[in-house]
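A quick write-up on the structure given underneath.
Letters are used for the chains, namely A, B, C, D, E, F, G, H, I, J, K and L, taken in the order the chains are written, and counting of residues starts over at 1 for each.
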């Protein structure tokens, strides 16, 4: 089983960007933890970050045939990108939506997600653990469908 | 550390109610799993289910002084009960909001939660694992604050 | 065939509460008429009134396995209780929604029903006869499904 | 006592149009049942169907002086015709609004009725029985006012 | 100069329909007054009433080439008929919108007119005099354009 | 009978301000025409213009006891002044609302009038003749009530 | 294969009505072109224009059994007629919605179509060619279903 | 004269719950002050607190016949309970709505009260004094009606 | 301690204006009662009424340095004047908002106050006693801050 | 004459992505058909697909000077990209908007197009034929303007 | 060239009112800086401040004939005064809208400006420099039009 | 001090794109003017234009550590890009938002900016001078904070 982690715009800044809000851990560290957890779950894990909506869409298309599910933190694109949603749905693979912060406790425009009604589930507010919970949930859902 | 799990209306039906939507596991089984996970995390775990908003509020008030955090699946009350939100906030203890199903993929009235902007985080869509992820996230958040 | 009649908050006041609006007949008299009509239709009829959302949910859960359908006047809860809707849907039994008054000719907040899109049908505005029509409609629908 | 039944656009297709949704009974059969019930209730019953808003308005005007009440299924005009509402109100006679299907469980534009706040009551979702319940309710209301 | 007066649905009932609201004068009497005023203004005046949107549209089309302006009380069609608006605009002749009652002091759905932004002007609330003022205003506007 | 004409902000500019939109006649000329028409109708007519909401309110209060009705073009205050509405209603005298231009064909914020549902009637779009029609309508309404 | 073209209100004016907006070709010419194209496609084509919603509904009902698909320009009725939509859906035959002008570039009330979500497809803005494209699209869709 | 004070959910926590927001005085102390003020005003005062909407409705029904007016702080139920509103209105006794905090300066969902348009008056923002002012206002209103 | 009472437009009419709605007491009598109550509370009380938003703003500016708090009934300006709100906030002194009538039971446009979220508290519906309660509440709040 | 076809995100997946919804033909095949049709129409046709909003904007800028018109299926960007709209409008060349599916019968967020009011016309719902009809319509419009 | 600076309500308090928000400079100092900048630009500059909407309107009317452009900080009137907008537009002279603070980062009601769509441009958030930038922008725009 | 100017999509077309709307000056000329002004202000100025949201985000991240402030004309991305807003806020450096045209006088979708509430200030409508004013305002704000 192979899972692709997608990190949206500005997540490459993690550890440096507003640490009070987003924590001090870098994206590399999060990816390392995800891979470690992936090993325990016996799934391959590859990560991809981009600030470009188009690169994320390209990547989803390129990886779809060998990916079993997506773990997605679309960051700011969550609220504006129909193209990203379409790419995920077009892949025919399920996905889980995660957010580091609790988007429901922030600006009103962060309350609308263009992804969540197409996702298996959503995890928000637990910092890097949002990814870990999302990964576990995705793997369970994928195994249930086997 | 002591955590109180709150189950809202109709969750006592789990395993019998619409199994395609909610799964075949009963609430007791979920509580047993939560307690087992609690033991691993070295936290005490007590559960309470009620179909009565008032009983949930009473229970929160009664337990607040010896509770460190709340794990809350308010079910239908999520969308209508200001009293429940007020009780949780008044307890002075943090809480995590969980849902078995992905509420963003259901009826429009399930999209509005009166709890989520006051929660640490939200987990939706992973069946009983929503509770387990929520528990882990709550414990980490509580330990970070110690 | 067994049908359970559910009366929501303040309906126990019938005959005394605002008789110009709600009529002079008591809830007991309405229940008696419903039972009489039930006998003609050869269905058992039991009634339950409560001012407590939670009691109504408890009752639905307790009665669901031996009930074939629900005749529901949720009164004020019609417009606010997702828990009641969830209990009715979770019961796996069809229900009919009735109102004594024409809720469309009253305050704007009475125009939104959280029940009606999940109901077989809705009857409003005929006083106690709303119940009788609803009962007849429910029985026909149940017999058609047999 | 004389009651006029008004059937709006496309109801002449009953029995042929989308039978899964609207049933297999024709409008003639429904009218026959209504007349039979009218005889039991000792009221004269005349029916009128038209696909033309203007014909319905003309008919209401022509019949108003010898009609005691209206039984109205305005079909698609329910949601768009102020003229029909005005004609009914101008007649000085009370009316009951009925629908074969449960309009609250269909497209959003069917949720707004331009008639219901001016009606005695509304019956939806019981197929042809919506008419019969509506007739009974109308007759009772008319007799109460005598 | 020739002006065509258009009366929408139910206006043929004037004098009989809700006299407290609409006055005791009949449509014929109003038309007679309009013709009298037309003679003073040296304009020909023809009136047309219909309960049928389509007849009004037909009439506008048939009369357009020999009509200099329209005096329109579209009644209930004011709030729903794009076809009537289109016919008036397509005629290439200016029109004035009039209403017997003050539509701004009635039900909310009467506040939206599909005609008014395409009209020269609007007169509401003066009973039959709304027509007379509208006629005067229309004639002045037409003469200014000569 | 005595009628007070109220002209709101910027109407003193008439004849100079945007003549394409508002015409070339000055406010004095309009007032002269109104007084002339008043003489024909045997009513006294006094006019008052102010750019100050407060002066208009003061004036209404000062004149109320010897005024039988108000002819009001509140101009920009139409859309924002509750105080002006309150003063007119508090006077216990009926009023007619007039506008030179057709406010329904202009900016969206001009569509909402805080006066119109409390007025006898409204006249828009006929330039200075809006005042004359409004005056006639007001006088008729006042005489009907005598 | 037989296709019925439906032209809504005011389309009989084509060639004369606002030629800058709608072009100089008459409806007859458009129908002739459509029949010519129909011959190429080996489908029978009949056209019907009416300014009456009811006539259009009558016509759809009368033609449904021998019609394979509808090509519909409902003109002003597009935005207000639930009855027309119901008739088309009740016919059990697919339809294509066309408009001469680009309705998205006109008044806001033209943006809402009561037909489009039930149509196969929509063509707007190409003048008479909207009909031709719609015809081609309809025929292809019908042949695909054979 | 007898007045019943109703305290909604979580008000039993007063003095302990968020003292910065709600003050340090307990509900008992507030009730004692109310009774003292009641003695001065020569009215009997009884208080009832519950976290249960249903208990509040039961209580209102039980007390209605010997109560002259209600002093109500419905807390979180203010914004969600139609049943409570119905019970108060059904009692036939007037009520005053009070809030400790200024609900207009808090979360948006606290801005909508389901009670206020049926109340005599509303007092918000004065801590325990909101109750005392509300009591005085209620007694005056009741005495004026004697 | 010195408190300034601000009365908005049309309140100078009290006792004469719509006495059924606003009572028979004049503004002078209310001011006298307020001064009497002020003496009991040992605060100086000065009152100012104006129909002019600008005069109220001027007055607030002129009095701010020697005023400890404002008791404000802004009447119609409550719903439209940002300038008044700004003046009160700019004064750096707290204020209480009062209304004679229950604004929540009147026209919809009276439901929005531009002042209330910046006020200490709000009192509505108790006639002149709204002022007295507001004064007491303001004095207590001011003394608590000393 | 030279026309540029623009394909938005995920359209490169055609033939593989959700074939039930989008058909089995690939984008290359569609482009081939478009070129073939272009030859018949004697226009040059070049196609460009990108998942990147920025690449589409770059491409429009680069091609504008030698392009006579655009045939645009912006896919998911239709609903979110002001930059794409601006690029098309800035090119000074007309464009036609096409969609494979009927966007009016899908999720609500697909109902808003940021392009359509600036387009010549719109074609939706005919699969690859949407492009062909759009091409024909664009060429006719361009030739009319020559 | 002569430019008139208009300062709305409460701006006379500058330097004293909420200095954290509005700065410590007085309005006189701002006016002095504006005049100094005016000298550099060779334009005459006159300033006018008022807390009265009506005085601002009067002033605009009085100055219009000898003013080439307006520099307007309407303060609280920005969001409520149609009269002020009308006066500016009626003057036939262009205007620039400025604000000391960034109104988009404050209360929601400050987001709506009744002036901005009629202005040349808008400057917000730079304290007194908003005026200076606005002045420069206005002068350039005026000179471009010469 | 170093300031980075960010130009969004299509701004590279300046001087060629719709010159009536955007002026005849090219982006290079604007950048040259900005650098010249930068020299006067003793700040380094670097400019970056892209049609790619992602490139702008990349650039902001790359430049953040050596940039003191941002001067941003996000063009079409202003209304849709949360990612751009997040990048600016994440940089920890203040920014000013500028627009060549007055966005408040254009299409409704240009009225919503996702940037403005996070900006120091906004300048719209002065063509290239919007940039110059914005630069001056940014430099002053940065120097105030030193």
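Simple rule for what comes next: a contact is a pair of C-beta atoms (placed from the backbone, for glycine too) under 8 Å apart; a residue touches a chain by one contact, two chains touch by 3 or more.
What you see is a predicted model; the values in this text were computed from it and never measured.
S.K.: How many degrees of rotation map chain B onto its copy chain F on CA atoms, rounded to the nearest 5?
M.R.: 180
S.K.: Taking each chain's centre as the mean of its CA atoms, how far is chain D from chain K in angstrom?
M.R.: Whole-Å distance between the two chain centres: 62.
S.K.: If you average the Cα atoms of chain J and of chain K to get two centres, how far apart are those centres in Å?
M.R.: About 46 Å separates the centre of chain J from that of chain K.
S.K.: Could you give the separation in Å between the centres of chain B and chain C, each centre being the mean of its C-alpha atoms?
M.R.: The answer is 31 Å.
S.K.: Please set out, as single numbers or ranges, the residues of chain K touching at least two other chains.
M.R.: Residues 52-55, 80.
S.K.: Could you run through all the chain pairs that touch each other?
M.R.: Every pair of chains in contact is listed here: A-B, A-J, A-L, B-C, B-H, C-D, C-H, D-E, D-G, E-F, E-G, F-I, F-K, G-J, H-I, I-K, J-L, K-L.
S.K.: Going by the contact rule set out above, which residues of chain D touch chain E in the complex?
M.R.: Interface residues on chain D, with respect to chain E: 52-55, 57-58, 61, 80-87, 89-90, 92, 114.
S.K.: Touching chain K in the complex: which residues of chain L?
M.R.: For chain L paired with chain K, touching residues are 96, 102, 104-105, 113, 116-126, 129-130, 133, 136-137, 140-141.
S.K.: Given the complex with chain A, which residues does chain J contribute to the contact?
M.R.: 8-10, 12-13, 17-18, 50-55, 75-80, 109-110
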